[in-house]
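Two complexes are shown next, each including subunit A; its partner changes from subunit B in the first to subunit C in the second.
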Partner chain A sequence: MTAPGGGPVLRVRKLGVSFGQTSLVDGLNFDVGRGEIVALVGESGSGKSVSSLAILGLLPGADISGSAVLHAPGPAGDRDGIELLGRPERLLRPLRGKRVSMIFQDPMSSLNPIRTIGAQLREILALHAGLDGRAAERRAVDLLAQVGIVDPQGCMRLIPQRLSGGMRQRVVIALAIAGGPDLLIADEPTTALDVTIQAQVLRLLLDLRADMGMAMVFITHNLAVASAIADRVVVLYAGQIVEDAPAAAFFAAPRMPYSRGLLAAAPGLDRIASGARRLGTLPGQVPPPDERGAGCRFAPRCAWMMPDPCARRMPALEHVAPAGPGGPPHLARCARLEEIGE
Partner chain B sequence: MTGPVPPDPVPLLSLRGLSKTYLRRDGLLTRPRAVAAARDVTLDIARGEVLGIVGESGSGKSTVGRMAMRLLEPTAGAVHLDGADITHLSEQALRPLRHKMQMIFQDPSASLNPRQSIRQILTTPLRLRGVAGADATQEMLETLALVGLGPDVLGRAPSTFSGGQRQRLSIARALLMKPELIVADEAVSALDVCVQAQIVNLFRHLRDRFNLSILFIGHDLAVVGVISDRIAVMYRGTLVEIAPTEQLFRRPRHPYTARLLSAEPRRGVLSAPAPPATPAGQHAPDGCVFSARCPHAADACRTRQPALAPVAPGHRAACIRTDLDLEGILPHSN
Partner chain C sequence: MTGFLLQKLGVNCLLLVLVSMVGFVLVHATPGGPLAQFALSPGMTSARLAEIAHGMGLDRPLWQQYLHWSARLATGDWGRSYRDQTPVLTMIWLHLGATAQLGLASLILSFPLGVALGIVAALRAGTRTEHLASLLSVVLLSLPTFWLGLVFIYVFSVRLGWFPAGNLTTPGHGAFMDHLRHLALPSLTLGLVSVPLWSSYTQAFAGDIWRQDHIRTARALGVPAWRIVVLHLLPEALLPLIPVAGVYLPTLLSGALVTETVFTWPGIGRLLLDSLQYRDYPVVMGLLVFSAALVLLCSLVAEILHHLCDPRLRG
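Let's look at the complex of A and B:
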């Protein structure tokens, strides 16, 4: 989905997050292209939320290393970009909402419970678009209409409590896109919603991508949701990226054994049709941060594990197959990729 | 109200026209109005059957589960266990039957006393059954092994376990009552996918091994689909469709079921055209509960809530538009 000539909107290199002696995430490298939707998937404790909070400077008290550079999109964009990591809060604040926005599972974490939707939208518009008075009012109503609020004028006068969960998440999305950001980081944005409402919100996000060219990092534990929305899938396991692939290739043939296990454990509809109702399982559990060995972190649970090299050396994140010229790469972290095959 | 004769002459659990109505006052000065959390729900669970109930929030699926367990008094209707009407049994008369029905909840830590060791927690059901001493210890260990836990857990406190292990423990405790029916309410919803898969497999294994009946309540269609032999679909307190799982997925007969299936996230689903937008408004008080949102609603739909009626063998739907050919999410088999 990367536009021709346009570099990535976000380039993350060697991102590490630790609290004191405990390293939660290390060595994260990934790009988000202009207009691209990257799903960051993994189980709890994999580091997917921590990584995105670190990128936005929303993780006070953490030691953060590496680099996360935000680029203006398009061929005329800035070559050097803006380094987000280590940037002082007073310089980060103007970027949030304007260049990059974030939405969460619980819409109330982003809304003021006692102010009207209109007041909250006008405030954001004054801050990021320099709009006030009538102009702000008009733009706010437009935004609410854009996110599918049926009666935007009426909604402006309501406080969040008067809205359903799905409507609140739409309002949060309206607030997040008000500044016209190039990148939206969405952390489990539909997890708390009913499935029919989830489908509507996912459609809305796809429409916004089409209309605004907005890129997205979509954090989810739900592989079915990732398969519905993502262009790329990045799988995290125990604080590391273990696979990074175009979504079609990933769901057709995941390569890293953990990714395979994850897909085999997911209750897919195809199982119901085939009558093979037994779900795949992985032995053991994700190692806590202080019990990660020197070898592959998945080795203790892996059916293909060989004492050497798997338990001894950490495999690198490597190309599964030589990427064609300009073709999207498919990377996996496994020393035995060739032996295991597809 | 009564459907076709179920295959099992005496189903283990039979819910007959169950309703639960709450009085809700919208304002200080307004009259309270009746809100139906569940309306005239009739269904049977055979021995050894896994029956799923799916629905979105407010559908009444948990209300039905709690009424089946006699944890919630129905406003109308009856609950039969093994052919006997238990709807109005006193708590005392109910006690000997309680062990036959066990409930598993979404949050296992809320039902495991944090001050007790696992041994203490697991002793309670055994004591209720009059099992003590070496027999108790042996049964405890066998049951722990069944749910995939070792003897080392006995001395530990609930807080030292992961969410998946705690759910195994609450299943072990339920099994020690030697139940015939387990009502599982969103029992795997809080678990990571790999742990969820293990618990789903465990439920099916227990059904196969002990011929347990399981009422599996959930919001995730794929999870409920994988575990259930039949699925009941609820919408706003009303049971709108019930069918064998595959049949429901291949050929839904109620427009709400079709809507639910079409929303199921999967590859390519969002590139298909969105289902027709329908206003959320209140349906006519006497009409079909789905009529206000239904793209196929006819005039007759706004005057009467249709009863659940047979549409195919083992398949019932509460919809008068039997002429519709609704889209499922699995290919038609014929």
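Let's look at the complex of A and C:
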């Protein structure tokens, strides 16, 4: 999905996030191509949200290392991209909402409860699109229509309390795309919604990608949601990437034992259809940051675990199969990749 | 809303009756009585004293006295002061202006200061700045008003001679500026001791809002920090302060008592204290009913105002 002549929209290298002595995330590498939707998948505490908040400079008090380069078109630093990490707030702030937007899980609390939808949209439009007065009003109504609000004009005058959860998340998305960002980071945007509304919002995000060519980092713990929207799946476990694969390859044949376990533990209709009633379960839980050993972090829960090498050495994130030139890579972190096979 | 208001109004009237009853009993139960001042007059006899008591209706049972007093109150007759026969309402009215000035001046000082302090403490939660702001609040809260007033008099009046130590005006200097200079020290005293009230409520409200998702969303969409504080956080934090103000403002009337005494400020607080010393029952009871009515009225008005200002509460 890489545009001709352009690099990825976001290139993250060796991203590390720690609070004091506690390291939450380390050595994160991933790219997001133009118009690509990357799902960051993992259990709570795997470091999904922390990583994306760190990239946007929204994690006060954290020690952040590594690099996150935003390649955005524009006169400033086009060739080299814009380094987000360590960028001073006064330079980072104008990028947020304009080049990169982020939306959050709970649409019930993501909007200002005492300002009208119109006021909130006009604020972002004035900030990032230089629009005010009539022009801002028209653009705001257009945006609401674009995200599928049925009565955009009427909606402008309402406060969030008058809208349903799904409507609110649509308004949040309208706010996020108002500045025309190249990248949208969506942190569990459908988790708090009913299943039918979930599907609508996913549909909307896919439409917006098609219309605007906007890339997305889609954070979720729900593999069914990831399979519905992602071009690529990046699995996080205990602050590390353990698998990074094209969505089709991932859902056909996940390679890292943790990914297999996740997939086996996910309830799905195909499972019901095939008559298998029992869900697989992953024994144990994600080790907290201060109880991570020297070996593979998944080893204590892994069915394929061997004392040597699993518990001794941290396996590297390696190519699963020799990818053809230009073909999408499939990476997994497991010392026994070959022995376990597909 | 109308039904709610009517119900509230009914409850308030009942409360008012209850307060006046309890107050009446308590005031009359205090040792001593209004007869003491007559008793010391030369040539006073016990027969003459009984005659005076009978004239004032003090020899009747308490419940009769209450009925008599409250029936007249209901018709708008608040009675007359035992001391100089001035109608009670006139007396209250004459002292209300001074207290209102003092209350308003101290509010102008304490409200912005307290809100600012509370916001800063909420934004800098967990840092040294918050601890400093909290410390300042605690210090102001624990300063005895009379002591602070005396310190101000000593420093600014006695030592530096910048401001007068008491009274409304200097006789012969009726000018506006002179009046303001007299207002300075008492309003500074009352203002400073009221700061912790506003700062603690503001810190609690603003702290809650600051941790909410919509603040984080605004930040994630590139809204500048000052806009988030001034346009997003502040209005939402001020809304719940309206009912707080509704409860607090009328208590200024009696809360200013110490300040008014230290600075010989002829307000409601002073009037109450003097009337209590004389056992001037009509004035004391008048002030009691007046304050109670004011408390109930202010909280009602605040409630209405809160409903009008907060779009979430509009049906």
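One rule holds in what follows: the second predicted complex is superposed on the first by the 332 of 342 C-alpha atoms of A that agree within 3 Å, B and C clash if a C-alpha of one lies under 4 Å from a C-alpha of the other, contacts with A are read in each partner's own complex, and residues count from 1 in each chain.
Definition applied: a contact is a pair of C-beta atoms (placed from the backbone, for glycine too) under 8 Å apart; a residue touches a chain by one contact, two chains touch by 3 or more.
Here the structure is a predicted model, which means the values were calculated and not measured.
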item: First, second, both or neither for A:222, with subunit B first and subunit C second; value: first
item: Which superposed partner A:281 touches (first subunit B, second subunit C, both, neither); value: first
item: Partner chain(s) touched by A:203 [first = subunit B, second = subunit C, both, neither]; value: first
item: Touching partner for A:175 - first (subunit B), second (subunit C), both, neither; value: second
item: Which superposed partner A:261 touches (first subunit B, second subunit C, both, neither); value: first
item: Subunit B versus subunit C as contact partner of A:94, first or second or both or neither; value: second
item: Shared subunit A contacts, counted only where both subunit B and subunit C touch the same residue; value: none
item: Subunit C residues within the subunit A interface of the complex; value: 212-214, 216-225, 227, 231-232, 235-236, 239, 310-312
item: Footprint of subunit C on subunit A - complex, ascending; value: 56, 58, 89, 93-98, 101-104, 106, 109-116, 123-124, 127-128, 159, 161, 172, 175-176, 178-179
item: Touching residues on subunit B, where the partner in the complex is subunit A; value: 56-57, 162, 164, 192-198, 200-201, 204, 219-223, 225-227, 245-246, 249-250, 259-260, 262-270, 274, 279, 329-331
item: Of subunit A, residues touching subunit B in the complex; value: 43-44, 150, 194-200, 202-203, 206, 221-225, 227-229, 247-248, 251, 261-262, 264-269, 271-273, 277-282, 285
